[in-house]
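Per-chain numbering from 1; labels A, B, C and D assigned in written order.
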Amino acid sequence: MSFEQIIFYIFSAILVAAAVGVITVRNPVHAALFLVMCFITTSALWLLLEAEFLAITLVLVYVGAVMVLFLFVVMMLDINIAKMREGFTGYLPLGALVAGGTIAVMWYVANNDYFNLTNMPPPERLAADASNTRMLGEQLYTTYVYPFEIAAVILLLAIVAAITLTLRHRTGTRYQKIDQQVRVKRDERVRMVKMESEERK
Amino acid sequence: MLENYLPVLIFIAIGIAFGGFMILMGFLLGPRKPDSEKLSAYECGFEAFEDARMKFDVRYYLVAILFIIFDLEIAFLFPWAIVLRDIGMFGFMSMVLFLGILVIGFIYEWKKGALQWE
Amino acid sequence: MLVELIQSFFAGLGWPWGLPEWMQVGLVILAKIVVILVPLMVCVAYLTYAERKVIGFMQVRIGPNRVGFFGKQMWGLGQPIADAVKLMFKEIILPAGADKLLFLIAPVIAMAPALAAWAVIPFGSEMVLADVDASLLYVLAITSIGVYGIIIAGWASNSKYPFISAMRSAAQIVSYEIAMGFALVGVLMAAGSINLGDIVAAQQGGFWQWFWLPLLPLFVIYFISGVAETNRAPFDVAEGESEIVAGFHVEYSGMPFAVFFLAEYANMILISVLASLLFLGGWLSPLEGLLPESVFEITLLGSLLGPGLHWLVVKTLIFLFFYLWFRATFPRYRYDQIMRLGWKVFIPLTIVWILVVGVMIITGTPPWFDVA
Amino acid sequence: MNFDMPNFLPAMPEMFVLGMTSLILIIDLFLNERTRVVSYLLAQATLVGAFILSLSLYSGNAELSFSDTFVLDPMAGVLKMAVYATVFMVFLYSHSYLRERGLFRGEFFVLALFGVLGMMVLISAHSFLTIYLGLELMSLALYAMVAMQRDSRTASEAAMKYFILGAMASAMLLYGMSMLYGVTGTLELTELSRAVQQTQGDRLLLVFGLVFLLVGVAFKLGAVPFHMWVPDVYHGAPTAVTLFISTAPKLAGFAMLMRLMVDGLPGLQPQWHDILVLLAVLSIGVGNVVAIAQTNIKRMLAYSGISHAGFLLLGVLSGTPEGYAAGMFYAIVYTIMGLGGFGMVILMSRAGFEAEQLEDYKGLNQRSPWFALMMLFIMFSMAGVPPFIGFWAKLAVLQAVVSANLMWLAAVAVIFSVIGAFFYLRVIKLMYFDQAREQGSLKPGADLAVVLSANAIGILALGAFPGALMALCLQAMGA
């Protein structure tokens, strides 16, 4: 076994273990953290496929952004976990059966001639100085410009949807109006008063 | 390409090990004399009233959602930034359009007051 | 040169001592990591000392001046070592309601990324541990993991102040990461590469060729965001001792507390090094282009004035000094003001400047972007 | 870099809709409650403008652009125009409904237009990438619209179900796509079909991918057994939103099915044929039978929609251009009928009263003979009674099935639609033969009355002259 394979198996094992952890641990915060671990190990696997940019972006976006939101939500929820877990064991046999069946089918299908090493030889390793990011960039903004702009529209839609669904204004909040504050002139705030000196009585 | 990542992997492992080692040292060298007052949550001398995990303003979620969106945007900008000289005017304009679409979203959230912390 | 010297030294000792190849590779990497980490740790330790001294002088105090070596006071130079030893022998308190495992993991999560980011930092041309292509992206990604340390610490403590602090600082870090990301995009555009070494190489040609000038707004934004990212004054609402005691590490003591501390200072140094690499030409000499070429050929003096690690150190120290200066000068921002600055000032500014840089590149504006 | 400037012309409608949507989003920020009608008018103008653009671009041949990720063919042209027309009607219907419930916000129109844009992308997609992105754009808009009524528990629950199941379906679709990409090495549909034709021997992996694709499509169409969300979402969402999600997305769903199966995987026709037969039979069966048990008209119409989805599949599975044309005809006819059905629910409702129960329709004839008659048209058409348009639609797909030598399938479909006729007729019985629960005649707004009348009479008129629409569908499919 080559060194790369060892690394692959180590990370895969962690990934599978973490994934099992996500669905079995009792505490939702722990589950979310297991999910973070899943993402990190997945990123390592992608890196083994030489998808450098995507692997690092996975960490940046999913670990650095999406899971932070997840944790926000999970930490602040008052959910009764014990109650939610009722019925879990009831469905367990059925679930296990379905999962087992799916795994069996996938095993059968993936052990196919298509994916053996003669049909799909391992691709050539990239040179040490090859820039994966550059290769991606050369395609994305020209050949795939249409999907790229649709992605922008989806992000815009996400902004609109998020604000429509979550934004509520508290009534009676007073804001600091910084531009006015900065623009204020001395004359508007300070009044010079000339006073005659008075004799103390 | 992959061989360059080997030191990174080792470095990460050492980073974790180093942190773990320091805490372990603390456990080995420090005294352990717990008592209930010492272990209770710190609340300026009062007894804690309730569980600390409270509900929070929905605004935090909104910030996090908007952050995800902008983070994705940055992820799109990175490859563009480094190939800008190769993809020419068309590539530049396609990003101008992309940013334009998102600036519209930005104006929207600004005017809606989503960026205003209350 | 330095590298060759070390190599010949080890060759003299009979390296590789007949070890199998993988072990050789591993040992070399380990040795390099130690060479990076040990000075880093020393820097962290003395940064705490420098902080107390600098702020002390700014406030017309003396700062720590008692603990020295060999029974002498030596301006208190022994202080950081004494602090470390003291913290090591302190009791580690595990609060009753805490999630014990996460409570202890949190500082490690805060610290590991702060260290791991150093794997790709170049200290000179060819002087880098891991020359990965997307090194800047790697730094950005790995440092974004650090926020988990704070969030987990706040939650695992099961205490109100830490929890409030964790939420605040997470939202803050996350907000400034966007401004920082946009600022970095500008750098990438100007350099045409995502590799830190190439970015420095692209700034070749003297003080006026460095990116701080064409990217001035981004430079300022980057550094201020960096200050906010590291939760330092004036953005230190996460600690905000006047409101929430000490923030996310209220419940921490002893070594776990020290680890948080270390992570914070390692991050400060990281931000400063990155700022020097990205905007101030890293190890390049500011005198290039100002002095005649022949000057750099003089032995010793030439290499002192020419590019080298020492310039990087000097530039980094300048940024670190700014960190301390900020802390001594500015009062703490209010939380809504922090969010306003990040979202409503920095983000629009960076977007505009990215477009400006784009136009400059497309039109080949001299003196920075005229030649490809 | 050798890169050719893409041809932007075929994508003009998309660009126009995007530009206008952004404009409405910004303009709406500066409007107040009184002037909000401007957003509404602009949204309608957008649809009209897009219709004109698509019409002027309509031609008999297919045009690829943007490195073959985009296609404008006659099918795309017709379906897009149908989408604009449908959404135009939806806006007309929902105008007063939204006002009465405080949902009359610019975001409603903006989200709907984003949904329209998603449908357009989906309809014109010519690569897995654009299919997926179009689908997500559309779905995201729909999820948000369902959840827009934030204070309603049922709406939130419906949105949650819709979102989670929809995300699952998208994941399935994506998984299928990745399988096919793994085998063929391409995302582009023409190349995909070529690669599939060329693969020799074992097709197991291809079929494996196909199954996942079909799960995704079946979910979006609401075909059994992926229909669980349909009744809950239709029921829980505000009726105006139900009107939207039950009509136009079906056209896009049909387009997605056509793109994936007919454009991309004709080489697997025998395989997808079998799966579609199963989906169709189950949908027609379950839809028609379960609808009988419903007491809520929105749920009833939801199950009716499920059975209609089954009929739509019948047309596609025949595998001939005539069959595809019949499926397209069915999809368009269904949207017209669906508009009428849910439009009627909107018309009956008023502030604080949703008119969701079947009982609310009791004695409608006494309260308003005209609208009872209109509802009668709609119900008869849905049941497939001649001479209404629904009859011709059913006839066309059955013909396609028969010509594909699937007599038994046609027989099953007919039997179930006879069973299904029961619940449509029950509505008519309630309207004409039962005593009204509340007295007082029905006085809907003038605009609503006109729209609904036009819709229902259109169903009758199209039923009298179905030839033109059928010819258009045949032409679009190149039959």
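Keep in mind that, in the parts below, contacts are C-beta pairs under 8 Å (C-beta built on N, C-alpha and C of every residue); 3 or more make two chains touch, one makes a residue touch a chain.
Keep in mind that what you see is a predicted model, and the values were worked out from it rather than measured.
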{"item": "Of A-C and B-D, whichever chain pair has more C-beta contact pairs", "value": "A-C"}
{"item": "Chain occupying the most central position, where position means C-alpha average", "value": "A"}
{"item": "Between subunit D and subunit C, distance of the C-alpha-averaged centres to the nearest whole Å", "value": "55"}
{"item": "Centroid distance [mean C-alpha coordinates] between subunit C and subunit A, Å", "value": "24"}
{"item": "For subunit B paired with subunit D, centre-to-centre distance based on mean C-alpha positions, whole Å", "value": "40"}
{"item": "Geometric centre distance via CA averages, subunit C-subunit B, whole Å", "value": "16"}
{"item": "Residue numbers of subunit D (touch at least two other chains)", "value": "1, 3, 18, 22, 25"}
{"item": "Per-residue overlap in subunit A, given as positions that touch at least 2 other chains", "value": "52-53, 57, 60, 64-65, 68, 72, 75, 130-133, 138, 142, 145, 151, 153, 156, 158, 160"}
{"item": "Subunit B residues counted as touching two or more neighbouring chains", "value": "1, 4-5, 53-54, 56, 60, 64, 67, 71, 78, 82-83, 86-88, 90, 95, 101, 104, 106, 108, 112, 116, 118"}
{"item": "Of subunit B, residues touching subunit C in the complex", "value": "1, 4-8, 10-12, 14-16, 18-20, 22-23, 25-27, 29-34, 36, 38-44, 48, 51-54, 56, 60, 63-64, 67, 70-71, 74, 77-78, 81-85, 88-89, 92, 95-96, 99, 103, 106, 110, 115-118"}
{"item": "Residues on subunit B engaged by subunit D in the complex (per definition of touch)", "value": "86-88, 90, 101, 104, 107-108, 111-112"}
{"item": "Subunit D - residues contacting subunit A, complex", "value": "1, 3, 6, 11, 18, 22, 25, 65-67, 69-70, 105, 107, 110-111, 114, 117, 121, 127, 129-130, 133-134, 136-137, 140-141, 143-144, 147-148, 150, 182-183, 201-202, 204-205, 208"}
{"item": "Interfacial residue positions of subunit A with respect to subunit C in the complex", "value": "3, 27, 29-30, 33, 36, 40, 52-53, 56-57, 59-60, 63-65, 68, 71-72, 75, 129-133, 176, 178"}
{"item": "In the complex with subunit B, residue positions of subunit C that touch it", "value": "25-26, 29-30, 32-33, 37, 87-97, 104, 107-108, 111-116, 118-120, 129-133, 137-138, 142, 155, 157-163, 167, 171, 174-175, 177-178, 181-182, 185-186, 188-189, 191-194, 245, 250-251, 254-256, 258-259, 262, 335-336, 339-340, 343-344, 347-348, 351, 354-355, 358, 361-362, 372"}
